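Next up is a structure, given as structure tokens.
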């Protein structure tokens, strides 16, 4: 079992719902302070978005943020450098598109993640059928390969996915890309289907915009991923204390 | 060239062409891709479906398109050139072949709506056309910059009842339109088919689109025989995503013909690209040192794509097809030559293939060779642009 | 309708169609007209020539064009509509049929140069195209106003190697372009053929052009049978000079089909004209009380002609064909309907015929009727204009 | 024999070469004075051009003049009216396109010409094959039907034409429409061919621009028609005395 999964299982065992905020690496020069603020406010893990030119699963907010980060010269090496300045106690999880790792070289990329203190990776456009090489590279570097289950995923496929999935299983709450959403989505149903085939922790993400949505998601799942709302705040100029404040609202709502 | 091996056969269930292809999509789209694969395999094996497909192409789209011997140009160059006239297909290019196949499939799958991406608008117009003909709802994603550059094509799609959505993300051109169509598709896979416009994207698209375009090559193969010309020495096509090239190559992959794809220098995925993953496929892509996709730039919007279909990447790898690049500067002259000597104004995309032939006659193309040019589209859409450019030169 | 009599037979050596037709040209042109008549009769009876004509149409121009059942529109209107798809012919309209015949004849007569008139530019582009393909020199006369309105078509002709001469006399539109072409022809009949663009002008043009367009009707006749639809109840075509109408009528003149020509209200020679002599023929013309020719005005440049071919005047006289007029206001709506329901954007000229069908379904056209629409050309050339007009309406 | 032809034969018999100037009726309000001036200067007959919207056989000068005349409201009736004020001793010959007479009604038109003192008509777009109706109407009104022979007309056809032709036979000097021309043209050859089949007077026209060209033409033929150069002068503002002066130059050249 990867160290990430061990840690996340402990959190679940303790009865605590996991809160996983998402940040776009390099969006601002001080993006590291946003990560620290989130941890201070009670995040259990942090997703580090590595910007990609063609973020197929992302809505306008994260697209915009990725563009800005790329324009500022962000890349895997610069992120790794930035992260060396970070000391937080919670696990870091990379989230990006496969071409970033593919182009960097999967072995080299997994090593880089590990060296940067990252213990998990979410690659939404890399399905199990194509993931072999990457999964092995990650395994060699104790990077958990986190897979997604969508509302449209048939049960048979859920089983295949959960078998391969490490760390936690990402239950996408809706058939949509990242971004704001007003309804609660299908997260609870997706979590049920994950649980029907595995006891891996199941976290709900995609469209979790308000603390109350986060509360509902945390009742159904073992954790919640909160992304666009934070990224939007940063795009709008939020400071680290602002981020701390927002994350705390989510923390309160799920506790 | 040995023909013991079968080239351009069906890829396996993973959609691999050697090291390329595959199905790199979010889990949410995976069932739709699998459903599509099953539906396509089923339909393509069903004579009722293929007969309907061929009937619509014949009655509505004007197939078969002829093969025209380019006698005057041939005499000038010392080679024998034949042109497969996709410019005469309804809406002015080969794009309609694929679109009619996919819209028929959409109906068969019980879906009521189609989405598509478009660059210059050729695939968008073709899709809007087929949807109008079949009574399907249609939404076309088009980079905002392209909607401005190609305002008339936007209007054309609207006349045909389609909704055109300007895409404001990324570089606001074709590759972003693909991203946006994928994003949209996630939200509506239930009742909506994504009608991809070239031999790209996740499996089964590269294979399915090639199959739906292979009618070009199969017709041409027989037509060359009927013209008494038999197998050409070379088959030449321009390559954006690669659908017209794949379509014509398919008719000659297992002959002795040399297959040549001509890319735009500014969108040359084989020439300047490296393996990568984008838009659901592993293929050759133009990208920077960190794997960020580069914007293509070409004088012709239809070749303005930083990637290439995975099967082409494979054919290049194994040497069954060769790919060359033509610079923008060479394109207008080629368009002029074909217009003047043969009375056919080609699309700027097609003019790349023409330019390569003009340049290589007597070099890569030995004198006396028989060359089949896939004349993928007509130039009417480009005439205003060419006029501006020629004026600019004066 | 009795079919004992033979309709649309060859006119006599004077080129008379009842009270119409003839050869009203200056003496200087008379030998050229006589030479042309002889050359045409000779060529048209020569299987080598007609075979070559059909081969070029097939290999170069994309014939046969299909007949498309317009299923959705038929269901909406309660009649059964079939469209003969001249929009799919090379250069986008039926004009190419005539032009290929005449340029082949030019070569056969040993002439090296072709002149032509053009209004919007369709006939000019077609002529320039055929000349490029055959290596003939080409000069096109075009009203100065039209060269401005249709600057892109001027450029297209130039790309094809033609010289476009802006005509500054008279109303500086189509009819003056014909005058100017005639004036030019006088000076160069020796080595130059005047390639007239419709079933008008002096004998043998109205007959010759009809014969060269009759391939439309002959193909359609057989295609209707192949579609299991047999003889249509009505055959409907738009009428400028009348060449596409004459071409399709020719296939059905001796059947029970009702023949309907649709003129533009502003260029309605049958509806508003009276007998007169212009451009070498006696026909129906729009003229004032002293016989001065009136300028036509129509939303569609191709129908912007104050006369009509003499054979149409005759067919109207004897009641074998009927002619109706459609006002500009009805045209855009018809273009929109065909685009939306069938995925075919018609030329504005063609949209007149569509408009008549939309308006008369259930009235002049009894419900359940089978209607063959001659879809004379595609609308790409008109899309910018339609866009401006629809914007103006908002 | 029409009275026009009788008169023109008399002129020839007298050894005099005929000078026939051409004017566009209605070009200026005082166009009648130009006719009078020409006669004063020695014209033997005058061609009265009846303007037509589509003058297929005319070059730019006469086209422009016809347009102006039409814009001023000129028509067969107004011309007839104008001519009633004219009293000259030479024959008048109408020249126009067939539609003018066709539309007016050939019988009525021929009568109108006669009533206006016109004794001949040139209709360049009306060939013998189509002229029957018009020729009969003219015959009934003593209007001579003058036909043209072109350099391209084959000899057989020249015979047919000269047989039907009355008044004089119009030898077109070149394959061209009316207007300026720098060379002498083929007039002499055309006249020879007319003479080979008939003894009708043969006049040369089309492109006779200078007195010296007129001289050459008068040597070959029995008369000369001078049009565009006069019409151009009028377009440029020539007065009746100016016209008289120009015509006199031509008179001198051919005498």
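Some notes on this structure:
So that you can tell them apart, the chains are marked A, B, C and D in the order they are listed, and the count of residues begins at 1 in each.
Convention: contacts are C-beta pairs under 8 Å (C-beta built on N, C-alpha and C of every residue); 3 or more make two chains touch, one makes a residue touch a chain.
Computed from a prediction, not measured in an experiment: that's the story for all the values here.
Least step count on the touch graph, subunit A to subunit D: 3.
A separation of 67 Å divides the Cα centre of subunit B from that of subunit D.
If you average the Cα atoms of subunit B and of subunit C, the two centres end up 35 Å apart.
Annotation for subunit B: no residues touch two or more other chains. Annotation for subunit D: no residues touch two or more other chains. Chain contacts in this assembly form an open path, with each chain touching only its neighbours along a single line. Applying the touch definition to all chain combinations yields A-B, B-C, C-D. Listed in rising order, the residues of subunit A touching subunit B in the complex are 52-60, 63-64, 67, 70, 75-77, 97-104, 124-127, 129-130, 147-154, 157, 161, 172, 175-177. The residues of subunit B lying in touch with subunit A in their complex are 14, 22-32, 169-170, 175-176, 179, 182-183, 186-189, 274-280, 282, 285, 287, 290-293.
Contact residues on subunit C toward subunit B in their complex (touch as defined above): 58-60, 62, 65-69, 72, 85, 87-90, 92, 128-133, 135, 152, 155-156, 159-161, 227, 335-336, 339-345, 380-381, 383-384, 386-387.
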